[in-house]
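Both complexes below contain subunit A, partnered by subunit B and then by subunit C.
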Partner chain A sequence: MSTVDLTIEICGMSGDGTIAAGVLLNEALSAAGFSLMALDSYPAEIRGFGRCVTRTRIGNSEITALSDKTNVLISLDDEQSQSRVPVLTDDAVILFDNKPVTYISEEKALLPMLEPEMNIFGVPFGDLASQASGSRRGRNLAALGGFAALFGIPADPFYAAIKKKFGAKGDKVLESNLKCFDAGMEFCSKAHELKKKRITQLGTNGHSSEKQLLSGNVSISMGALDAKLAFYFGYPITPATPVMEYLAKYLPERGGRLMQMEDEISSIGAVLGAYFAGKRAMTATSGPGFALMTELIAHATVAEIPAVIVNAQRGGPATGLPTKTEQSDLQAAVFGGPGDSARIVIAPSNVRECYEYTLKSFQVAEKYQTPVVILTDFFLHNRVENIDTPKPDINDMKDGNVMPDDSSKNNYKRFENTESGISPRAVPGMEGYIFAATGLEHTEKGMPDYTAKNHTMMSEKRHRKIHNALDDLPKPEEYRPEGAYDIGLITWGSTSGAALEAVRLARQNGIKAGMLRVGSIFPYHADEIQEFMDKCKEILIPELNFEGQLANLIGHLHRKEVKRFNMVTGIPMTAAEILGAVDKVISG
Partner chain B sequence: MKDQHFVVIGNGPAGNEAALTLREHAEDARVTLISKETGGCYRPHLIPSFISGKFAEENLYVFSPSSYKELGIKYRSGQEVVEINLKTHEIFLDHREVINYDGLILSLGGKPRIPENLQVFSDLMLTLKTVHDAKVWTEALEKADTVLMIGGDLTSLSFTSQLIKMNKKVVFALNEEAFWPMRFSRELHDEVAEKLSKKGVTVLDYSRIKSMNNIPDGGVEVHTDHETVCADIVGAFFGLVPDVGFLATSGLKIDRGILVDEYLNTGFEGVYATGDCAQVYHPEINDYWVSIGYENAVALGKTAAFNLIGEKVKAEPECIFNIQGFCVNSSWWMEF
Partner chain C sequence: MKTSGRETARKVQQIKASENFSVRSDNLPTWCPGCGYFGIHQGINNSIQELGIPHHMVMTVSGIGCAGRYPFFSNTFGLHTAHGRSLPVATGIKLANPELTVFAVGGDGDGLGIGGAHLPHASRKDININYVMFDNSIYGLTKGQPSPSTPTGTKTKASPYGSEGNPLNATLMALSYGASFVARLFAGDPESITAALKEGIRHDGFSFYHVYSPCVTFDKGYKTWTNLKKNVHPLPESHDCADLKDAMNAVLDDNFSMGIVYKKF
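Our next item is the complex of A and B:
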């Protein structure tokens, strides 16, 4: 099979079944063996208002980012789909409902905006669904059937996806949906028999074993479950809420407990309480919720209580752009809160790392007795990728607690100033120990002490501890090292995938480009980062924030000013955009 | 002309020319060209050669779809008009979109005609008018050895030559109705039959086709009043009829085509008909005439466009034949 790299969008109005169709499409294409990445966008408003778009990119090799161009548009609503026209490729395939219930004016119709060179397929989604099932509700399924027929994808993976989604709703519902899908497939097979020959037939890409379609949200949740999470405390907020939804379903099955709290302050408070008692606990929030948590996060740094906090960034500041993506909480995650409250901040770049980083974070939090912030974003939380089913690393599942030994029983110093900075931690219930947790500056035994000498010593201890954690944190990864570079990209979080594609393209274009992906934001691996910087004539740091917050943090390691590429458009950066920035830097 | 929206329906030679003329002479107006066929304006007479592989598809087109964009004409191909409301100036498209217009040129061309007695067998016969039809033929011919041609219009004669070059066995059922609106004379029938026979074509001697049916293993069985013929493909070639069926309730006056005055106006302000679909009044002969042929269509398209933008240009046929009581302006007829 030739190279497959196809982006498919489904666009409709809220209530059209757009997102549901996207879920089925992703399931089916994943089962058909394609690499896949997908992201839905939907309005923050209630049902009936606003545009829904699902965006799926498939390929027969690794997909690391979404594309900035769309090859296939499945339109469930003409007016809403007009917004997708600017991103269509010149030879795009468009399926649209050519028999809507009412006539549409030229100003609101999709077809006037399309170019005749495009492959336009009118399919009466609603009529087909109505004939097949007695209701137009299944028009999204008819659309999927049409898509499958035009691209030569067998029905079986779609059947499986439909059964998975509707099987529990009874035979009648399942049968209706299957019939609607079949009706769309049959129509396009016959009505567009000749025209579809212009379209590359995809078939299947072979079935790679154990591929699972996961979102960042689910991956984080699975990581937490495999880490034997005992308690989840949270308050709903976009885009972190699905973590709580998933755990509400599965955490009790694993013996854990979940409680929806009255706000984010109580959520982090409960997490600290659980961890103080020696139980693994976590919360997930977004920018506004994280802002509320900062006081208790700082408290945890000085009281040396573990905590795992997911901050799923969205457009900010404040309430900001709830359903848009951004990477603008880095500084808040690293520095947010009063005083010198150093904590660990890690940032996964893809769905697989969401699992791995979450799994590891509990152990790290225990070992270093500190909050660990897992810094993700809307894009990473909501996108789905089909990845090998995550399997926990036994080493990362181990208890990270550093417990006091018996010899310290009668002279136990909860905050002992050790060389590593880690003070063995006793938890309530252990006989012969005192159990201190205080936000006041304190002595090694946990008694208040505001003297200059003590505060300096304890500050040094806490920071030493955090910086010593580097060995347990994900090291920066350089993409296919090639010696010296004309330009080196340093990336973090969800932007890394697009940057990786941009570097591949740059190399194809003859540009000596390198890339270093940073997973541990704080503390960061200064030596490795500087070593990479020294190999590069220019350093470019692409980030979805206004100033360049990672650049602010690590830029000083470079011998000269680092270049920044920043966007605050609320949508993921694309490889084409980053490549444009690379070209600009190279050309001076 | 500012903010005016001129719409041309049909992208044959007349419609294409009308759109180009409007674009050139009404610079500020919005010009939309609607065609139910995909691709651009093509040369119909090259279609048989396209099927035989002599011409690539791109060589069929006078204008590629992208050319319209460059010229500033909104080209809407593959979109079919199903109704027009001349009072509200609305055009209704098959995919349920409504377009408003300020000026309208109907250049609907023709569609393959099937005589009434054969319409019951329509599903068993292929026709040949559009590029899409040609592609259907091309695919069908890949698996075919024998082709039965029923009718006998000019397209069929040209196509037969190509089929012979493709080493297909051609059987011809010449029909007196082929040259609608004229009828084959016995002399012409015999002359054409002789020429076909010399080319290796089997010409059937029959009066009427009684029935037709699919053969289980493929192909079609045709029963005439004299014999039964089996063919892999059956083609119907009875000329074209103006494609004006959807205008039946529009209020336009329609006979064999849309009746227009010598300025191609339909009687409705700002609405013109041109090309093969128009029957044009000629004050000198006090009768209507129709046009056949590429060059004539181009001339009429230009005339309609000029009149829409306020010129007063009469449609002037080069030569009118009166055949069996029907007036035809035809250059190809003279060539034939």
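Our next item is the complex of A and C:
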């Protein structure tokens, strides 16, 4: 089978059932065995009131990023879809409603804007739905049926998706939706017999898989649930809110408790309280909320209290671009807060890692008695990938806390300066281990002490501890090592997927390109990063922020100045854009 | 039977090591001589002692300020958090281990100024925390600036022409936020503090103790020992602490009546 790499968009007005159709499309194509990534855009995100767009990219090999071009446009509303024309490929396939219920004036029509060499299919979605079910509401289903017919995808995965979505709403609803789908499928099978021959028939991609469609939001929540999270404290903020909403529903049935707090300060405060008393606790927020948390995060580093904090980055600074994606909180995550408050910052790159990193973060936070910041972003939280259903690694679930032994009873030093920097941690309720923790500099026993000698010793202890955590943090991963490179990309977070595609393309074009993906932002694996840098003539760090925040952090490790590729467009980088930057560096 | 000096010393050591000897820790309070906080300290310690709560089952959470240092002077588990944040931290602790008796302590600046957003929510969530506000109407640790409960026109280094704004009435605030147990107390009367705490600790819900306390170093005119001793008096015996309207009226009518103002049954 030839390579499949298609981006399918559904575009409509809110109320057209656009997002619902996108969900069904993703479910069906995933069940049909394709690798998939999808991202929805809601009214607030795109200029023009009420426009909804879903974008789905499928392939028969791994899909790691979205594409900047669209191969298939399913238009549920002519006027809204006009905005999508510039991203269509020359041979795009377009399905549109050629018998809309309201009159569409010339300047609002889609058809006149399309190029004649495109594959254009007028399908009376509304009429078909109306004939099949007695209502035009099912026109989005008729559109999906048409799409399936044109691309030769069997109906079964769509039926399954429709049953999953509408099954609970009763036989009547389910039946009418299935009928609408069938009507669209039948119409396109017959009416467009000739033109259809120009379209590559997809069928299915062999193995019908066990894969599950997950967003970063759900993946993080599942990781927390499997880690046996006991408490979630949070405050609503885009784009982190869905984590709270998911856990609000599922945490109680796992024996945990969720409490919405009055602000982000009290959210992190309650997390510290619960963890101080020995229970796993977390919160999720975005840039502005994270800024409020930094004082207590710094407090937790010195009082040595574990915590797990998700920072789902959005466009900044300040309130910034709440519904756009950016990677501009790296410095705040690593350095935010008063004083030398070293903490652990990790950044998953894809939906699978959202689960894995979250699951493991609790153990790391406990073992090193420090806050762990999981740095994600809008794109990673909202995009959908089909991945194997995550299963917890038993080792990653274990309690990381080291309890004091009997010998220290009645003479307990909570902040004992050990070789590893880790001091055995008692919790309230343990007889003979009474102590007070504080945000003041303190002695091994926890009493305030501002002397030069003590502050130096305790600062060294805490930093030693954080750097010892490197062993437990995700190692940098080099993509298919090939010796020396003319250019090496170092990436982090959600941009990594597009960078990976860019490196593959660069290699196809004969460029000796390498890539190192960094998962642990702080502390970072300086030796491994430097080893990779030494193999590269040039280092390029692509990031969705203005100045290059990872470049600022690790750039000094390279023997010459690292090159930066930065965008603050609020939308994910594409492989084509990164490839352009690679070409520019190579050609000097 | 005569015991040797060494043996007595060993016994004293043993008694001291046993937790129930005293809730006071070995660390001497750093408060100024004559500070009202000593009385509050005694009142809290005696309540724990008299209720027979094992010290390792007591958790004291504080914010920043003179009162923030409290956990170091108490032989209980302690957490000295950031400025104003004792209540959310105490919330997490109490939820995580309901067996613990949890105190949150802090001053008027900590609880009415920087941490003012937390009192309403701790009150309405009604989690079993004992919040003791040490109200001396001044920022003491930073050397005497006006606080949210300082009377209008008070002259300090930070308000040489008199402080602005009306003082907050923490007792009234707690009542209106729906706190289910509210007491107003005087640092010079540790017995009353102990009595109120003993009732509040056993009350299954959020308990707020508003304690008037002199700052002998920076307050020369308002909550001085002389003024407080002259003005404070118990709530009238007829006061019905089960009635919220009565409680509010009592607080509105008289700024210096002390005792358990309100208790939700």
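The definition used in the following text is that the second predicted complex is superposed on the first by the 580 of 588 C-alpha atoms of A that agree within 3 Å, B and C clash if a C-alpha of one lies under 4 Å from a C-alpha of the other, contacts with A are read in each partner's own complex, and residues count from 1 in each chain.
Keep in mind that, in the parts below, contacts are C-beta pairs under 8 Å (C-beta built on N, C-alpha and C of every residue); 3 or more make two chains touch, one makes a residue touch a chain.
Nothing here was measured: the structure is a model prediction, and the numbers come from that model.
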Residue contacts with subunit A in the superposition, subunit B compared against subunit C: C
Which superposed partner A:Pro428 touches (first subunit B, second subunit C, both, neither): second
Partner chain in contact with A:Ile554 - subunit B first, subunit C second, else both or neither: neither
First, second, both or neither for A:Ser266, with subunit B first and subunit C second: second
Touching partner for A:Thr438 - first (subunit B), second (subunit C), both, neither: second
Subunit B versus subunit C as contact partner of A:Leu214, first or second or both or neither: neither
Touching partner for A:Ala109 - first (subunit B), second (subunit C), both, neither: first
Subunit B versus subunit C as contact partner of A:Glu117, first or second or both or neither: first
Contact footprint of subunit B on subunit A as seen in their complex: 78, 96, 98-100, 102-106, 109, 111-112, 115-117, 120, 122, 194-195
List of subunit B residues in touch with subunit A within their complex: 38, 65-66, 68-69, 74-79, 92-100, 132, 135-136, 139
Subunit C contact footprint on subunit A (complex, rising order): 230-231, 233, 257, 259, 261-263, 265-267, 269-279, 281, 295-296, 299, 303, 410, 427-440, 447-448
Touching residues (chain side subunit C, partner subunit A) in the complex: 17, 19, 27, 54-57, 59-61, 69, 71-72, 74-82, 85, 87-97, 99-100, 117-118, 120-121, 125
